[in-house]
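Next up: some structures, all given as structure tokens.
Okay, so subunit A shows up in both of these, paired with subunit B first and subunit C after.
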Partner chain A sequence: MTLRTVLRNEWRLLRADRALGLVLGVFALLFAYALANGMAWVDFQEETLAAAREGNAERVESLETELQRIADGGRPSSPFRDPRSPSVLGGAAGAHTAVLEPGPLTALAVGQSDLLPYYYDVSIQTNESSFLQNGEIENPLNLLVGRFDLAFVVVYLLPLLILALSFNVLSGEREQGTLALTLSQPVSARGVVSAKLAFRAILVMGLALGVSLLGVLFSGGFGSPGRVALWCAAVAAYALFWFTLAAWVNGLGRSSAWNATVLVGAWLLLVVVLPAGVNITAGLLHPLPSRVEMITAQREASNEAVNQRSELLARYLEDHPELAGGVAADEANRAALAWAATDAVNRRLEEVTGVYDERLAAQRTLARRYRFLSPALLAQEALLDAAGTGDARFARFRSQVREFAERWRTFFVPAILAGEQMTADVLPGVPAFRFVDEQMREVSARAAIPLAALGGLLALAGAGAVVRLRRVTGPGS
Partner chain B sequence: MIRHIVRKEFTDLLRDGRFRWCAAIVGVLLLVSLGSGLVETRRAEAAHSAAQETARDHWESQGEKNPHSAAHYGIYAFKPRLPLSFLDQGVDPYTGTSVWLEAHRQNDFLMRPAQDASAGQRLGALTAAQVLQYLVPLLIILLAFGALAGEREQGTLRQLLATGISRRDLALGKALGVAGALALLLIPAAIVGSAAITVGSPGPAATPLARGTVLAAGYLAYFAVFVALSLAISAWVRSARTALVALLGVWVLNGLVAPRVAVDLSKWLHPTPSAVEFARTMEREIRSGVPGIERPDRDETAARLLAEHGVETVDDLPVNVIGVYLQESEEFANQIFDRNYGALWNRFEQQGLVHEALSVAAPLLAVRTLSMGLAGTDVEQHRHFATAAEEYRRDLMRRMNGDLAENSRTGETYLATADSWAEVPPFQYDAPSLAWVLQNRTLSLAMLGLWLVGAFLVAGSLVRRAEVA
Partner chain C sequence: MSTQAVLETPATGEAPPIPVRAAEFEDPVLEARSLVKRYGDLEAVAGLDLSIQPGEVYCLLGPNGAGKTTTIHLFLGFIEPSAGRVRVSGFDVARNALDARRRLAYVPEQVMLYRNLSGLENLQYFAALGGRETLSSERLTDILVDVGLPLPAVGRRVGEYSKGMRQKVGIAIAVAKDAEALLLDEPTSGLDPKASREFSELIETLRGRGVAVLMATHDLFRAKESGTRIGIMRHGRLVTELSTDEIGHADLERIYLDHMQE
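== the complex of A and B ==
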């Protein structure tokens, strides 16, 4: 009797077992459903972004027509919206929508993409408070519950499938009385358990990875093979962890019922209780700072700024001597005065936000330490990072939008201060946003941490399994 | 006889190491989540009421100013935390905490706490409500899965029935035994909870004790459903192991699968517009009006006023045309906001109904909706607050435009005095009554009642037919 015989035998048993076939069928359906959900979400995002781009084009077009009309001797349609004024052309009327394309594998993991904004209208009014805006319109109740996507099925439900298939790989043989017979052949208990689990692992991981790749295929994610590989590695490591845990528990030599209870308990502890405990602990020890104070600070800054406009302009020009030459001699250059006030508010806001962001970052670093306790949290982190729907990619988007807003200001502010008039000729030169996506190197470096930790837990369970299984000799043990 | 069954079951459970461990874990989580919820709610409420006071100070100390400038300056409203929100934070992390009330515009609520939290924190947020909704049912399953199936497996069921006790009394005794063990866990939590309620919270009065009592009754009904279901399945299937597997299946379906399916189903049945689409529609309608809601025109307003007062020029008018026109614009815009925001809120509520209706497959959905409603943290009560804030904004704008229209003439530079801002009443929010909340939650209440009756009937029938061996 060889391991191949074990495998072939398992295949026959599985085909004969209607219940197992049913469970696998149900899971195949769940996977398909999750994938369909994820793909519908990507479609929605892509339609939205197309509408945003269309809005961009329409704005530019209408400004161009208006500027052309004025150049031909027409009058501006409203004195407050004269597009020749750089504070109008660079303001809300001429805003540019900076968009973040859905992550390459968003169809597999919705992640934070339903909560965090994936487009911002950038204009000279963009400042730190612009980043407080909400993301997509979504029922808060739906945000609270979360989506039924592939990441959810993998993190929560896949372990249950694995445990249902493998809680009795060894104990079942013993209870049927076939263990003694099997071990009388030239195979070890370790070999039998490994072969049986390997067979199940191929089945389960084949299903999970197959559906993932299918999703990637449908949503065109093969453009980033590195991310696909990361996703697969995370799924495989997480699934193997649960198989190994099952092997270990089987090696303890107790009854199938005992194994089932312990394994379900482990699932509850690691997937449900620990993440919750981790978050409670982190929330109590390192509470999230409240943003409410930011509003007060912002108001105070703008009150002050309005009261001291002309003083602020003088100070602004002191800080930016290169612009001083270009300021219109007319003391009553209202746009320049207004800009100086806006700039003062922006600086103050940046200070307040800077302090807040530091506290937030510190809180997150502290809170994230505890995630090493739970394979579910680790797997989720790696999966979202691979999919490009984790926190990091959104943070990157925000920081690029910040830089873009700075470029936008550099383009328009000198013209505002100089009291210049704009023409249709400047339109082609107006800055446009292009998101520079993460390098695969950065993504892998980041995802390596949770993956390594997951690997560590896997190794721990593996060591336990090897030690225990070595001691299994026969039914009497 | 039934007394002996209850006592035996109760003592058995207390001696069982598994129960002690599980109960300890659930109990600690419950107390910790109650405590952390209380700390968090008080911290947030303190921050919000302080910010609300500062916002009022800012408003009052504007100095001499044109009323329309003051209208543009506006005021911020901060959403208060209701006393019971420490039990169930509901959708609060996903709704904004503050809104800017300014001229011409109904703004969105900004600063959702969840946007600052990480993806991992979203996965496993834990409140007392979640312990009650997820972990306590699990504990019930672990306590009760073997109640009848276990006795049958050990052959003790036959002996028990030989004493003459009816199957129904036996099951009732088992149920009461489980309930007693559970009470050891829930009574301390209830004491801590009600102490926290009576000590009081600085939030708006919202009859917290009455709300808390209904909340407790709702949870007790939910637990009773699980006790009945566990006994029913334990009576029905052959082995304790099968009972456990089946009950865990029910738990996964109830707690993990059904809620998320409800999300997708509700979005599919009642899709919401994208933010881009929503903003564009609103912008278009504000710019050019819609049939039946016409955009006011300044010249027409002036002409109408001239005719009304029978004078020739705007200079002879006793009112400022700009003030009247601004108010007309506000009223026009308000109708557009009501149209669009109203439709969106209604969509959200329809989606909420899908969640509630799906509780036919998962009682969790009913008890969760009820719990959020009573804690004051559901979508409807967010809408209630948003509406109150918007009403206040409209009143504020009416006052500002009225001041401008009545106390100045067209074309003149008018500054309201520095002390006039304090005459505007401060923003005061009254939380909805218990009746209002329950009226919104009739479907959940009915579903929970249905589950309770159904689970007991099924349990009764299965227990009567339970096989001895």
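== the complex of A and C ==
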């Protein structure tokens, strides 16, 4: 009964207070803009991927035509791009672009999809340095601050809306003098505060979840109901945490100004300072090797490879005796020598990028360990996982591209070493990439950890709120 | 409809009427036994014994800091007693605060309401919180008008109300609740003589319905007019109790001043 009564009264107060309506209106616009921004990114990504797919088809078609023409007695259009050569067919001219389709809810959370490559040109030249480069030229400021998407609004701005609506949920009643009349009725402060916060939660979560579901509807994400449910659970748990924190602070019995200061301080600490602190600490403890160092290593390896091609080929064949039949380690077999050089460069780069990967993994381990300090980090992780734009999906993509590059090499390198001539008949057998997305149960199992931790923080704040509000028996307490 | 009529007309089909009681045969509605409230070394209420029967209007007189408001807050359960016991209709306030409050109505010295809502909307809210959510808008409007709020003001924002008008809404909240006991903390403070007079009439009507009233006041005249018993408090103690039938205005003033000078 209290709940319904308070909800109705709060609705009347909201209608009578233009400032509150204005705040909600501004946030509704921010939500809408964030969604539009996310959808624009997905459109851009899909256009890029469509162009990549088209490029794949065009390259195959062009090579097929050229091979057919040569088979019919024609001459190669360029002696350096003779498609009969496996090093040309498996090289840049015949490269296959491996693409990662946007996650089912990318429109809601761009995540790192603007930072991490979502397509790679795979050829026999593909090596570890390929995975460290992003082909897109992007505004560095955008990359630094991230996209203004719905996940950003939920993680960073939604708490501010919640705090703006809730910081004085009890102290305001005390200051305007209505608490005495309220608590002279057969209601508890806890019941009244809960009902008032429930009203705000309906508004705020209705807005956040409503816009999210609109985004899902527009981007066809309802095909992944599990991800949609995860997204909604993360938004709800995160929003409830902030509501509960506001209830706790109100239960301390201080002024509205004090509450506002403490809650904004909590937002600053939990949303800005701690996540930044974790990132900085991870960077300091496990610094990544500089790109200059990696480029230098690549050049040194290339120079060395060019100078010692014959020796490198001999060494390569020693390592791969199964490929040695009929290959002469001399200058006459230029393609074989070139491959040996490429392989040598790749090996050298693997050493350098191995250090990079190791340190990056150490950074991520540290960040994962300390994410429990900040509900913002937990919420972000759960939201990105739900959207399919988190680290895990990109790592899976990279791993599958690595495997694909290996298959590509396995297909072309023996032919290079054997000095074979390719024909149009081999084209249907050339490996093609198809990303195998993760199963929902994998996503759920991963997202369950930040969600459970968020639930733990929520329970902690809830217990604090219950204890403090139980002590509020009158307008002076 | 007059105030008397509104208060005596049961809210047919909307809420059960509270039966009229005969004061002399009932258990006390408001009862304090050896009540003590300490704030550090200060004893705001020091061993208060008080018993108010249905249909009684008990006026607590005393200077600022005598413990009158603290006593009312103890009955409301706003604060916990340091010692002793407070009961409302047999419910121990410390243990069953909500049951006690269900039987109480309270009008503070400054009735503060939601400024952006109308008098009627405020009344609807507080009446519903008090368990009278089934009262219709028409009925609540009648109550507001009968406690003296002009009809055109009923739908106006409370932010535009005078203190007296807000006080009337406070009284309307108490009336709508149909409580067994009424706690009034300086209810006529700041009211003009006409409004004070109307207020006394209202108290008289409620008394006639068997409501037990505890009123803290500085107003000796109003205490004599409205009260059936008067208790004079000083330093948290009840220094004397008087029956208003047995004393005149002049006697009351003299007795009060005598106690204040001791």
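Criterion: the second predicted complex is superposed on the first by the 409 of 477 C-alpha atoms of A that agree within 3 Å, B and C clash if a C-alpha of one lies under 4 Å from a C-alpha of the other, contacts with A are read in each partner's own complex, and residues count from 1 in each chain.
Operating definition for what follows: contacts are C-beta pairs under 8 Å (C-beta built on N, C-alpha and C of every residue); 3 or more make two chains touch, one makes a residue touch a chain.
Keep in mind the model is a prediction, meaning the values are calculated, not measured.
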item	value
Clash or fit, subunit B versus subunit C on superposed subunit A	fit
Subunit A: partner with more touched residues, subunit B or subunit C	B
Partner chain in contact with A:Gln185 - subunit B first, subunit C second, else both or neither	second
Angular separation of subunit B and subunit C about subunit A, which is computed from CA centres of the superposed model and rounded to the nearest 10 °	100
Partner chain(s) touched by A:Ala16 [first = subunit B, second = subunit C, both, neither]	second
Contacts of A:Gln112 with subunit B and subunit C, given as first, second, both or neither	first
First, second, both or neither for A:Val228, with subunit B first and subunit C second	neither
First, second, both or neither for A:Thr5, with subunit B first and subunit C second	second
Three-chain overlay, closest Cα atoms of subunit B and subunit C, distance in Å	18
Subunit A positions touched by subunit B in one structure and by subunit C in the second	none
Of all residues in subunit B, those that touch subunit A in their complex	25, 29, 32-33, 36, 39-40, 43-44, 47-48, 51, 54-55, 58, 76, 78, 90-91, 93-98, 108-126, 130, 134-135, 138, 240-241, 244-245, 248, 252, 256-257, 259-264, 266-267, 272-278, 280, 344, 347-348, 351-352, 355, 378-379, 382
Touching residues on subunit C, where the partner in the complex is subunit A	73, 76-80, 97-99, 101-102, 104-106, 108, 110-117, 121, 125-126, 128-131, 133, 157, 170, 173, 177, 183
Contact footprint of subunit B on subunit A as seen in their complex	30, 37, 44, 47-48, 51-52, 55, 111-112, 115-116, 119, 132-148, 152, 155-157, 160, 256-257, 260-261, 264, 268, 272-280, 282-284, 287-288, 290-296, 299-300, 303, 360, 364, 367-368, 371, 376-377, 380-381, 384, 390-391
Residue ranges of subunit A touching subunit C (in the complex, touch as defined)	1-2, 4-6, 8-9, 12-13, 16-17, 176-178, 180-188, 473-477
